[in-house]
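Two complexes, one shared chain (chain A), two partners (chain B, chain C).
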Partner chain A sequence: MSAARIKILAVAAVLAAAALIVPHTNSFIILLATRAFAFSILVMSVDLLLGFTGLASMGQAAYLGIGAYLTAILATRYHIGLGWDFWLVLVLAMLGSALLAALFGLLAMRASGVYFLMITLALGQCVWGLAYRWNSLTGGDNGINLSQRPKFGIDLADEATFFYVVFVLFALSLIVLYTLVHSPFGRSLTGIRERELRMKVLGYNTWLHKYLAFIVAGAFGGLAGVLWAHTAGIVGTDDVVLTTSVDALLMVVLGGAGTLIGGVIGAALVTFVREYLSTLVHWWQYVLGGIYVLVILYLPGGLMSVPQRLREWRTASGAADKGVVMPAPARGAG
Partner chain B sequence: MNAQFWLIQTFNGLSYGALLFLVGSGLSLIFGVMRIVNLAHGSYFLLGGYVALSVIWSTGSWVLAIPAAALAIALLGLVMERLFLRPLGFDPLRQVLLTVGFAFLFQQAALDIWTGNPFDINPPAALSRSIVVGGLHLPVYRMFMIGVALVIGLALWLTMEKTRLGATIRATVDDAQMARGVGINTSLISTLIFALGALLAAVGGVIGGAFLGVYPGLDFEMLPIAFAVVIIGGMGSLGGAAIGALIVGLADNFGKALFPEVSYFTLYAPMALILAVRPTGLFGRE
Partner chain C sequence: MTNKLPEKLASRTALFVCAAAAALVLRPLPAAAQQELRIGVIAPVTGIFAQVGADMTNGFKMYLDQTNSTFAGTKVVPIIEDSQAKPDLAVTKARKLILQDHVQMIIGGVLATEGYALAPVSTELKTVYISSVAAADDLTQRQLGKYPYFIRTGWSSSQPDHPFGQWACDKGYKKVVTIGADYAFGYESVGGFQKTFEDCGGQIIQKIWPPIGTKDFGPYIPTIKADADAVFSLMVGPMALQFPKQLRDSGFTKPILGGTVSYDEAALPFMGDEAVGDVSALQYSAALQTPANAAFVKAFRAKYGKVPSYFSETNYSTAMMIDDVMKQTGGQWPGPEAFLAKLQALHVDTPRGPVSFDDMRNPVQNIYIKKVEKTKLFGYDKPELWNVVIRTYPNVSQFWTYGKDAFLKQPVYSRDFPPCKYCE
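After this line comes the complex of A and B, so read on.
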């Protein structure tokens, strides 16, 4: 069995265990897990850009926002999306945010590196500005309350049922994105991340590759937004604010960019610290900030690189025990 | 919408632009010299305001609060740059992320030390009056803000253009590698500029505290606006920061007065467009 297959099985086992155990815990844990999995979809979309394409997006919350606001506006104004048409809203949200990404991407793709980071920040702020100020549509600072969750045969108001729905959609997103990044298209993205010029010389349309990745990431952001809206029961400017985009980016880096599942670990860890630890101690944010700073300083590969680091460390110290050390530099005579 | 409306709005826009210049110029210089997008810059602004409050509470002196806050935050920036950003070497993304990590730490520290209550920094009575010019009531404080920005801007410009230190900074912005080659200590320049940027942001925080207030969350509200200033003006250019600050200050005021529903959109959409068409900003150095 190859190492890659073992990893996939390990991830699948852990996720399956989470799916089996979580619904039998208390409603607080279920809510936390639901939030973590819903947000993970956004985080994975950031990883598609950062980890596999080398584009650090600082405005991914815009797509979460499109999905969330679309859900809330359709539900409260037109009563759409509270029955079977929940799935229709899901598709609409993905299309809508993909469309926005297609528009924003035309601008963002002109920049790279730090400039890409800033242009996505600016685009994200455009969406935030509209959400904040366009009171008649978005409710401004107060946001929009979603008083009920969809009901179609199953009732999503039930915490455990809703958890399953979010979990299944999360798992599907993971599978789709995993397949995508391991497809020839995904390989080309990695090539662009490593050295764009070389890919260009080899005849790849690198612009189109990056543009498509940006649109796909936007679509998954929209999917996350629909689930995020129903999880929280309220949609507001907090969903599209700069810090939400920054959060998603940091979660990817915390878990390990270019791994998809790393971002999920990051999202789970941050959700736990922010929602659970904060109920116990008041200095939780030091823990979160400290983890960020330490990981960025000492673990560039994120938490996913810990096993590898340990292996390297063990081999290095094992070699030292056997006396196979690097020969000491010869000293000059006298 | 008479002449008075336009005059008052222009005046308000100019004074807000003066404040934005203080925040934006530091951010711009830091980016120019180090290629770091400092996401803790809003935190320096907020912490500057908080330190000033502490000084005012303990000494009662508003005049003393400005230099005290400026120096304290400059020191903070210096330590952050030397101990944490420097070891990362030239890796912009990790440096950017590290500054966010610090922004979160500062947020918590501010909550712990100064609680979550909103405060105002009250300037001395002499500055709180308003004078009447041609039928317009103009607050003296806003004139003071414009004055401070002019003085600091002029001092910065003279330093940059007329002194040896300024020449070495400009050389570092234009081509750091070449600058090192001719014997300029770019490492020292980076530290200096980072501390200077923090200092300017802190001064902005103290002065802005009188009409923006000092409250949790102000850091991440200020940050994107400072970015708009820097991006529109062009990164690494002092003159650009001044023009960017004026444009954003005026656009923000008129936007909120004329079309409130899309006012932020009208601020950030041009920023995105400028970045897409001319990534170095309108007046940035290539």
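After this line comes the complex of A and C, so read on.
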């Protein structure tokens, strides 16, 4: 069995284990797991941009916001989205955020590197500003409360049921994104990340590739937003503020950019420390900060690179014992 | 390769160990023991409001220490959770407190956003939520019907500003410029002041809204209209420290009327002499010369090294009110509905004065107009800045003198309401 196959099976096994164990724990763990999986969809979309296309975007929370606010406004004002039309709202949210990404992408794709970061930051903050000021629509800084979760044959108010729905949507997103990054389109993105000039010389329309990746990321951000709105039951300006975008970015770096599942690990770890550890000790922020610093200093490939680092370390020390010089192992394709 | 088999085994073992550890750690918690009053306290322990959170929890804990954590024979177990003043974290912690820790009630929440986030949780999970700080007007006004398990023991944002507007008008101020933090709490505070000030004949000639967290008021101060008799400011947190200093440094000599939290004891000890003479209005002042408050201030300062702010007093008196209800029921938890009814029926003498509740579950209490003076109080030997009370308005409700129905007909105070009719 190839290494890739083993990895897929391992990931599937761990996710299946999580899906089976979590609903039998207590309410708080179910809530945290639901939050982590819902946010992971956004984090994976950020990884698509950062890890596979090489675009560091600091404004992805804007798409989470579109999805979340759309859900909340439709549910509270027009009573849409609380029955079978939940799926309609899901599609609308993904289309809405894809549209916004298409608009913002036209502006952002003119820049690269640090300038791209700054433009996406500014555009994200535009959405925040709108959410803050357009009081009549968004409730301003008071936000919008969703009074109930959807019911369509199953009642999402039940925490275990809702967890399964979020988990299934998360798994589907993972499968779709995985297929995307391993498709020829995805391979081109990786090529652009490595050497855009070379890709251009080879005849690829790199601008279009990046633009499409940006739109796909926006769409998945919208999906995350719908689930995020129903998980917390409230939508507010905190969901679109800069620190939420930075959170997603940090989770990708923590878990390992360019691995998709790395972002999920990052999200799980941060959620655990921020929301579970904080109930046990009050110095949890030092733990989180320490983890960030150590990973950035010693594990630039994130937590997902740990097995490979161990292998390298073992091979290097084994070879040193035998007095043989080993060539440096090639960087894996994620 | 020769290493493959042990590697596979190692990774599989690791997987098993992790799963087993997870299963052990994540088992459901045992149900709460009987004859215990479990109270969840949601406050920002970390983050930019950490000092406020500390004030809140210290005030609450001080009452517990004074009563040995026992209300009418029942042991009180407080569980403090960190919300970082973020509404979705507050909701997560509230759910944990109610579903996992089985608390009978949750108290706390600082910002209006937290109040609006926690109130629906109390309705959904049928648990009492006492807001000791979160002051958003509508929670006990137009939106009360949605929250049958919600009661406020603190205040509503515009409650102290109504008498303040009246006082300013009586004092002879005719034209006032308002400058308030650009968010809902700011709008409601300025709105309350503007309503009574203009109804009495005054004019608000300009409204300025610096964003929350502004530290440099350079862009705003020069725009203040010269024909103002006074400035009404609503400053929160670090803004409260910077604004009076910068305004006075710019050569402005006219009076500053500070809304509610602008000169509260959370900020006052860090201010300099430029604040002397500034007037503000709130339901509490640490300088209140009553035996109950003197005892409270001295005990609090001895224990925590600082003069209590209203954040501490409101949580202290909330604990006192819970104790009073438990005394009525002989220490037995009477269920959320009965508890709320008894709490609403209380008349309590707290350090801030007499407190009762109106039929919308908001406190009816004294509002103190206070002036910053450098003086010695309560036997302390150094002159310090205190909010000396110069006028008391007793029995002030959230509706002031308008009557509930008339008041509720108007929309909630916002950036555009009341409209700035006299803006030049």
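Going forward, the second predicted complex is superposed on the first by the 320 of 334 C-alpha atoms of A that agree within 3 Å, B and C clash if a C-alpha of one lies under 4 Å from a C-alpha of the other, contacts with A are read in each partner's own complex, and residues count from 1 in each chain.
The definition used in the following text is that contacts are C-beta pairs under 8 Å (C-beta built on N, C-alpha and C of every residue); 3 or more make two chains touch, one makes a residue touch a chain.
Being a predicted model, the structure only gives us computed values, none of them experimental.
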{"item": "Combined model on chain A: chain C and chain B, fit or clash", "value": "clash"}
{"item": "First (chain B), second (chain C), both or neither touched by A:Q285", "value": "both"}
{"item": "Partner chain(s) touched by A:L169 [first = chain B, second = chain C, both, neither]", "value": "neither"}
{"item": "Touching partner for A:L250 - first (chain B), second (chain C), both, neither", "value": "first"}
{"item": "First (chain B), second (chain C), both or neither touched by A:L242", "value": "first"}
{"item": "First (chain B), second (chain C), both or neither touched by A:S27", "value": "second"}
{"item": "First, second, both or neither for A:V89, with chain B first and chain C second", "value": "neither"}
{"item": "First, second, both or neither for A:L130, with chain B first and chain C second", "value": "first"}
{"item": "Touching partner for A:L117 - first (chain B), second (chain C), both, neither", "value": "first"}
{"item": "More chain A residues in contact - chain B or chain C", "value": "B"}
{"item": "Touching partner for A:I296 - first (chain B), second (chain C), both, neither", "value": "first"}
{"item": "When the two complexes are fitted on chain A, the stretch of chain B hitting chain C, from 23-31, 113-121 or 167-175", "value": "113-121"}
{"item": "Residues on chain A lying within both footprints (that of chain B and that of chain C)", "value": "132, 135, 282, 285"}
{"item": "Interface residues, chain C side, partner chain A - complex", "value": "11, 15, 19, 22-23, 26-29, 45-46, 81-82, 86-89, 91-93, 95-96, 99-100, 112-113, 116-117, 120-121, 124, 136, 146, 183-184, 414-415"}
{"item": "Interfacial residue positions of chain A with respect to chain B in the complex", "value": "56, 104, 106-108, 110-111, 113-115, 117-119, 121-123, 125-126, 128-130, 132-136, 241-243, 246, 249-250, 253, 282-283, 285-286, 288-290, 292-293, 296-297, 300"}
{"item": "Footprint of chain C on chain A - complex, ascending", "value": "10, 13-14, 17, 21-22, 25-29, 31-32, 35, 132, 135, 140-143, 145, 147, 232-234, 236, 238-239, 274-275, 278-279, 282, 285, 307"}
{"item": "Touch list for chain B against partner chain A, complex", "value": "35, 37, 39, 84, 87-88, 92-94, 96-98, 100-102, 104-105, 107-108, 111-112, 220, 223-224, 227-228, 231, 260-265, 267-269, 271-273, 275-277, 279"}
